[in-house]
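Presented sequentially are two complexes of subunit A, the first with subunit B as partner and the second with subunit C.
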Partner chain A sequence: MYYISAASTISHQPAFLNPGFSGMIEPLHAGSALINPDYKEYIEPGLLRRMSKILRMSVACSGACLKQGGIEHPDAIVVGTGLGCLLDTEKFLNHALTVKGLLPPTSFIQSTHNTMAGQISLSLGNHGYNMTHTQNSVSFENALLDAMLLIDEGEKHILAGAADEHIALLDEISKQLNVRSDSRFTSGASFFILSAEKSDQTLAGIKDAEAVGLVKNIPEQITAFLDRNNVSPEDLDLVLYAGSIVGTEDEEKGFQSFWKMENLHVINYLKYSGIYPTASAFALHFAVDKMQHTRSLKNILICNSLIQHNLGLILVQSVEA
Partner chain B sequence: MSVRITGIGVVSAIGLSVQENLLALKESRTGIMPFSFLDDDKIFLAGAVKATNPVLKKESKTQSQFISRTTLLGLKAAREAYGNAKQHNQIRTGIISATSVGGMDQSEQFYNAYLDGTDADFAMLGTHDSGSTTERIAAELGISGYINTLSTACSSGANAIMLGARLLMQGKLDRVLVGGTDALTNFTVNGFRSLMIYDEQWCRPFDESREGLNLGEGAAFLLLENEKSIRFSGNRTLAFLNGWANAADAFHQTASSPEGKGATLAMQKAIEKSGISPSQISYINAHGTGTKNNDLSESVALTNVFGDQVPAFSSTKSFTGHTLAAAGAVEAVFSVLAIQNQLIYPNINFSTPITETGLEPVTILQAEKPVHAVLSNSFGFGGNNSSLVFSDHA
Partner chain C sequence: MDDLKEELKRQLIEQLNLEEITPADIDDDTLLFSDKGLGLDSIDALELIVLLEKYHGIQVTKPEEGKEVFRSVNSMAEYILKRKG
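Our next item is the complex of A and B:
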């Protein structure tokens, strides 16, 4: 078991510095805005001015997470991002193609995927392992697996998280390509402290996680994953999902009929997080928060097939005090 | 602690295969030449791969309508490293690639048309995200399951190799193809120009007169296998990966610290992990980009780690240009070749040592001394520093 000692999220939901937020969330609607914290509390003004949305979200979110966990220096910083720093990427791309002569370098510098992890190490003065994973819809799961590997190797506390940011072009792309979506494209950031040992801080445990690329048979993979962890479908108190596991229109019924459990509690987390490649990190915080406040929840499965050919699985378990 | 390397593949400015690369290294022949993009008349020095997209695409036999140059280069190197490896249901196979630009070459084409208001094909953007380049390579090779992409700027390739080794050591996989790929793009050329570290002359790593880097493009992959996998594959071990480490410099978004803190930590930890003593390192394939900042910081770090006994070192970026996320992997393949062929490569275009450190890289090919262990450095933006130790023994 890997222990979560702190969790922090910036999203459309009132999750930031707000334990119990899972009880007061509402599906996103057209007008709902991203709830930004007071960034000045986490980032000095000179730096803040130059930072894009994803960068300020990541630095503030991870900062709050470390504070909550009482960890000054994590042993490692691991970040997942599906599309990286899109605002700065588009800005520099635009400049490079339209402006003649010397370009300002800031957006180029901040366009690299590891800007977030790098900036976090910089703000902490942290010299530990620093990694950025980018595997579209399973970027967070891959970052989480790296954090778990570090714990297996003997590290104590890992800062692991994910962030993605929305640009207007994404809406245009999805419209042009007729991407079916049941929620809005948006931004989000979630960070966690993953610890080797249980403590007073422990919020919940991660029993196991998996990221399967070019997945052939999603139901088979889920069954094998649960089997490997000695958990039967009946043990699941809640399934948080994105995308369809059996390719049916009614995804909720798909889950219920797959396990022949009509009363299985399933929630499409994209309705609350909005759509971004690393939204499963929001789902993890959602699961952890729900467990904290509903003691009967023992096993929550996060099942991410936001992109049909990728599957992310995270098994969250409650931890007895 | 060590991991077996049983396959290597590389595509760079100095060749389209391992053998072509080796020949150019032996002949001290650079691949950096005057270059311009198809739709642009501006000429600059770059280490372009001497193969066009249509040629690469035809050879790859891919059915994909849109495929980025990053993927095409990666696929070629990955196929060479993977050899005729067959899928086996008892062998858990994975792939970890590294890229910094992903499908940016395609995105640039799209965005140009988009800005012009001409018929931009949005489907082209399916190749944009870095993860999709790895997925495409995996699909062509028939690999599914553990598919992952790392993007930590110029240290990405080394990090992919490191992660693969860790997954084997922890028993998560039996066999993993690790490496990196990056194509030349307007985006990166303009980016390094905007930072005023693009040398308009041939780059001169570790030379007092150095003024910046020349960009290159390329890809390289290595096949790492555990004992179980080797029993099935029967592959010969080419060399061992004995040590690895990643450390953050935590100094500046792009610049390296003057005292080379992160670089020193990465080298020290990797050497310590390898169990090989610093005096047994035969050769260092340095990061050596040719920028004022990197080469000084790296030189200071080399002195921090090795004192006045700095082993023979050189930067092969004077051959290939800086291939960004592929660099760590390209140079890992060169490190394996150095061990296999008892070679220490020259640092082309060097004449005057850096005043502050006085360190002199190797300037003429050395082929007479045994090469048992090689340290390879890769440092990236965001202060991301990685070092790998390769050797001829477990």
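Our next item is the complex of A and C:
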């Protein structure tokens, strides 16, 4: 078991510095805005002016998470991002296409994906292991797996999280591609302290995680994952999912009929997080917060198939004695 | 000359994302790279080279000139006028 000692999220939901937010969330609507903290409280002005939205979210969210966990320097910083620093990438490419001569260095430097874990490290003055994973819709799961492996190797506290940012071009591209979606494209960041040992601060545990590319049969993959962890579908108190898992019009009924469990509680977390490649990190915080405030929840499964050929699975367990 | 200096202050704010600073906050002789002034750093120096080319069509070909050229808005304005002859 890997223990979550702190969790922090910046999203459309009132999650930031707000334990119990899972009881007050509402589905996103057209007018709902990202709830940004006062970034000046977390980032020096000299650094802040250069940071795009995704970097501000990542540094502030991870900073709040470390403060919550009472950890000044984690043993490692591991971040997942599906699309990386899109604003700076767009800015740099637009300059490259329209400006003759020299190109501005800041947007170039900050357009690379590894800026994310790097900027967190720089803001902390941390010299530990530093990694940004990018595997599209399962980037967060891969970051989480990396953090779990580091704990297996003897590290004590890992800062693990994910962030993605929305730019208007994504809406345009999805329109051109006729992408069908039941929520809107947006931004979000979630960070966690993953610890080797249980403490008074432990919020929940991660029993296991898996990231599968080119998945052939999602329900079979989920069953094998549960079997491997000695958990039966009957043990699940809640399933948080994204995308088409069972492949039916009504996914909730699909889950229930697949496992022959009429009362299985199933929630499409994209309705609350909005769509971004690492929204499963929001789902993890949602699950942890829900577990903290609903003691009857013992096992929560997060099934991420935001992109049909990728599958991310996270099994969250309560840690009550 | 005064118009050029005001224009430069606006361009500095935009190019360097100097949030919460207005042109009125920058004096003509404010030191750009001093903590007593704007506190800019080496990446900003590169951005200023881009600024001169982008807005004024001037390439800084002698790097050794940079220290004096980018001392203040005054020195930048003088350099632009000198280069445009």
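Things worth noting here:
Methods note: the second predicted complex is superposed on the first by the 320 of 321 C-alpha atoms of A that agree within 3 Å, B and C clash if a C-alpha of one lies under 4 Å from a C-alpha of the other, contacts with A are read in each partner's own complex, and residues count from 1 in each chain.
We take it that contacts are C-beta pairs under 8 Å (C-beta built on N, C-alpha and C of every residue); 3 or more make two chains touch, one makes a residue touch a chain.
As the structure is a computational prediction, the values presented were derived from the model and not from experiment.
If you put the two complexes together on subunit A, you find that subunit B and subunit C both fit without a clash. In the superposition on chain A, contact is made by A:L48 with subunit C only, not with subunit B. Of the two partner chains, neither subunit B nor subunit C is touched by A:S318. By the touch criterion defined above, A:L103 reaches both subunit B and subunit C. Contacts of A:N142 after superposition: subunit B is touched, whereas subunit C is not reached. Within the superposed three-chain model, A:S195 lies out of touch with both subunit B and subunit C [touch as defined at top].
Legend: residue contacts after superposition of the two complexes on their common chain; A:F92 is shown touching subunit B, with no touch to subunit C. Subunit A has more of its residues touched by B than by the other of subunit B and subunit C. Closest approach of subunit B to subunit C, taken over C-alpha atoms in the A-based superposition, is 7 Å. Judged by the document's definition of touching, subunit A residues 102-105, 109 lie at the interface with subunit B and also at the interface with subunit C. By the touch criterion stated above, subunit B contacts subunit A in their complex at residues 100, 104, 107-108, 111-112, 115, 122-123, 125, 128-132, 134-135, 138-139, 143-153, 159, 163, 166-167, 170, 172, 186-187, 190-191, 193-196, 246-254, 261-262, 265, 380-384.
Within the complex formed with subunit B, the subunit A residues making contact are 77, 82-84, 92-98, 102-105, 108-115, 117-119, 121-122, 124-136, 139, 142, 146, 149, 152-153, 172-173, 176-177, 211-216, 277, 309. On the side of subunit A, the complex with subunit C involves touching residues 45-46, 48-50, 99, 101-106, 109. Residue ranges on subunit C touching subunit A, taken from their complex, read 15-20, 39, 41, 43, 46-47, 49-50, 53-54, 59.
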